[in-house]
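Take a look at the structures listed below.
Each of the next two complexes has chain A plus one more chain, namely chain B in the first and chain C in the second.
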Partner chain A sequence: MTVQLSNVTKRYGRDFSLKNVSLSFEKGKIYGLLGPNGSGKSTTLKMIAGLVYPSSGKVEVDTEEVSRQTCKKVAYLTELDMFYPSFTVGKMIDFYASQFEDFNSKKAGQLLLDMKLDRNKKIKQLSKGNRGRLKLVLALSRESPVLLLDEPFSGLDPMVRDSIVKSLLSYINFEEQTVIIATHEIDEIEPLLDEAIVIFHGDIIGQKNVETLREEEGLSVLEWLKSAMAERERIENE
Partner chain B sequence: MSAFKGLLKKDFGISKFWFLFWLIFLLTLLIIPLGMEIYFHMPLSFLPMAVILLLGGHVFFLPAMLLSLLHLEGKTQLWLYNPQTSKVLFLSKITVSFVYQVISQVLLTGVGLTIYQFYKNQFFIEVSTLFKGILVLNAGLLLIALYMSCWALFYWTIYHSLGKFPAVKNWRWLVVLILFFVLNTISTLIAKVEFIKEIVNKWTIPVLMNTNFNYKQGGWEINLNAAEIPLAGIIVYVITAFCLFLISCWLLDRKVEV
Partner chain C sequence: MAKDFQSSKPIYIQIADHLSSQIVRGEMRAGEKLPSVREMAIQSGVNPNTIQRTYSEMERMGIVETRRGQGTFVTENEQVLKDLKSRLQTDIIHSFVQNMKDLGYSQEEMITGLEQYLRREQE
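And now, the complex of A and B:
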């Protein structure tokens, strides 16, 4: 299943969140949408999930223009706090299972064990790290063709980050799913990525195949990101 | 579990403590007049009035509960990350609020009937008339509350649709307020047109709902009189509520963003 953004612009009053962006995401690949805070990464993911609409241009998932119903095909991990604090972990899982047809409760049970989360624990009693883990459980338990992860490591300690990367490796369907990870914390996800896209001030300033980048240019994704952003800043200042 | 059942469970789950607090509040509001009656040795002087006033106030209960539920979701709007249609999402919240209102009204009616049982020799009203009146009153309250909920839904979606426009984001409450006054002025002006008045009053349904209370010699005299409800008016209200609901659904689908 492909995800296509064609000449997409998103404006909030006079400010641009995305400027005439065109991108294509293919099935079976893991994309890193990289850039500093406020560069437009989250807006891009929200648009693909049908939670934000473009001011102009078109966003398509599987050749269908995105609408609120697109979330049937798109699993989305948000950076925001999405939980109902009075719910238990189990109730949150059950709620997701009732809403999304592709939710695999068995997989959720396994993920809960792997993440060492207690079904009976109230969400308001969970630490930030465990809330992050629960978000991942909910996203990875869906067998959707598209998986969007918005800042999955935000505010989490290295131990939690490590467990999240391991879960991604174990539970992503590498052949069937299109995975897009938006983050400004690159070190942890670099080994996972097939493609890296740099977004800066709402513009796409570069897209590279990670393997080619390493083997032909001898650069890590982080080094390339820094050089791409420095180059763009230099051009903007001229 | 079906998707709608899942939504209902979720909405009951997030609001059950609010409803519990409401019941405690209601109980407090009933205990105070009861205490006053005992203190002043004036049986049936304050409690029946309190029951009627609280019951009447229920026209605001459903919209208030609905707005509380929507306010919680509106903090992030991530409830929209859900494959169910906006109609289903709204209907779940309306159903939950409706159920709470029914329970609350039944409790208050129960209190009213208990008072009646204790002091029925002091009431000058026929039992069948009383029951008909109670039924019409409760059904009327529920319908009015539903109608008002559709307006609440409409203004809530307008408010949140304006959230994506930075120029009005901080002033959107004012926009909603202006819209409220404009729409009310228009409807008042339309209602004053003679031709419309004639049509509205052409067909009426008589119902027992015009209640009069008189405190006489240590007891209440309650009179339930027949009131004429204009049929055309009811139809206009039903169509208005339906349109408001559909507009709200459209706005939620198309204009409210996360």
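And now, the complex of A and C:
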């Protein structure tokens, strides 16, 4: 299972969200899609999920061009809140189980215990941290070949972040899944990543293996990202 | 240990260093089983591929042994453990000497300084 973007451009009116982007993602790796706000990270994930179509170019999941059917193969954690406030946690889990064939209810039950979430609580009674945890429970309970996480840490305190990192490591199926995490909070996830991809103003300005980067250039991902962006801005200003 | 990684060194080496010093300090004994790759990944908040690399590297150095179907164990070869300890000693001395040089001390001054420090500590 691979995810492939070939010469993908996305325009919103006159603005470019992505400019002629080509990327490929392999099974068994965790990718970080990194860059500042508004760089095109979310658009990229939405295109892989089949929620947004490219203006030109091709997006393929497992050699099939994406469509609304792609959601069968792709689990997508959005940065937005997408819950029904009057649902209980349990009902939300049941709803997901009814929508996705690959939803593993047993795994969901285990994740709820790990995350200390109460099935009987209503979504509207949950704290922001617990809503963030619930989103992750729903995404990780699917046994989909592709897992997309859009800003899984955003606005969450360090304790919640820690529990999210631990559940990712516990529940990702490293033999079978391709995982792409879009975030601008790089310190949190650097040790989790195999590959880091820097996206800036809709353009891919670099892709590196995280350990090779340290080994060959003595740089952490954050340091590399800052220098790559500074370099790009310098070129654009010339 | 999670998140306290230096940026200049690969993470798999930093974890190997950490495990090596645990072994030398006796926190992990000869013949003891290491956590599985997945367990270690969860404990340290690190990608399992990285941990796998740590274990392979330590195996290459002879510090650990992988037994098929059983897991990874600290070696029982005493010579290897002795060598590991003296290698860590050399590393520490190396960084001490380097720091002292950076401060502008001569070799004699380093030795006198160290002797004085040890005498004071004994008292």
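To be clear about the criterion, the second predicted complex is superposed on the first by the 238 of 238 C-alpha atoms of A that agree within 3 Å, B and C clash if a C-alpha of one lies under 4 Å from a C-alpha of the other, contacts with A are read in each partner's own complex, and residues count from 1 in each chain.
Following the convention adopted for this analysis, a residue touches a chain if its C-beta (ideal position, glycine included) is under 8 Å from a C-beta of that chain, and two chains touch if they have at least 3 such contacts.
The shown structure was predicted, so the numbers you read here are calculated from the model rather than taken from an experiment.
Chemist: Here chain A is shared; do chain B and chain C fit on it together or clash?
Modeler: They fit side by side.
Chemist: Give the angle at the C-alpha centre of chain A formed by the C-alpha centres of chain B and chain C in the superposed arrangement, rounded to the nearest 10 degrees.
Modeler: Superposed on A, the angle at chain A reads 160 degrees.
Chemist: After lining up the shared chain so the two structures overlap, which partner does A:L113 touch, if you call chain B first and chain C second: first, second, both or neither?
Modeler: neither
Chemist: With both complexes superposed on chain A, which partner does A:S220 reach: first (chain B), second (chain C), both or neither?
Modeler: In the superposition, A:S220 touches chain C alone.
Chemist: Applying the document's definition of touch, where does A:A230 land relative to chain B and chain C: first, second, both, or neither?
Modeler: In the superposed model, A:A230 contacts neither chain B nor chain C.
Chemist: With both complexes overlaid on chain A, does A:L80 touch chain B (first), chain C (second), both or neither?
Modeler: The first partner, chain B, only.
Chemist: Does chain B (first) or chain C (second) touch A:G13, or do both, or does neither?
Modeler: First partner only, chain B.
Chemist: Chain B to chain C: minimum CA distance in the overlay, Å?
Modeler: 28
Chemist: Show me the chain A residues, by the header's touch rule, that chain B contacts in one structure and chain C contacts in the other.
Modeler: none
Chemist: Of all residues in chain C, which touch chain A in the complex?
Modeler: 2-3, 5, 7-12, 38, 41-42, 44-50, 53
Chemist: What part of chain B is in contact with chain A in the complex they form?
Modeler: For this pair, the touching residues of chain B are 1-3, 5-7, 9-10, 13-14, 17, 76-78, 80-86, 164-167, 253-254, 257-258.
Chemist: Sort out for me which residues of chain A touch chain B in the complex.
Modeler: 12-15, 46, 49, 51-53, 67-69, 71-72, 76, 78, 80-82, 84, 86-87, 91, 94-95, 97-101
Chemist: So in the complex, which bits of chain A are touching chain C?
Modeler: 29-30, 162, 165-166, 169-170, 174, 187, 190-194, 210-211, 214-215, 218-220, 222-223
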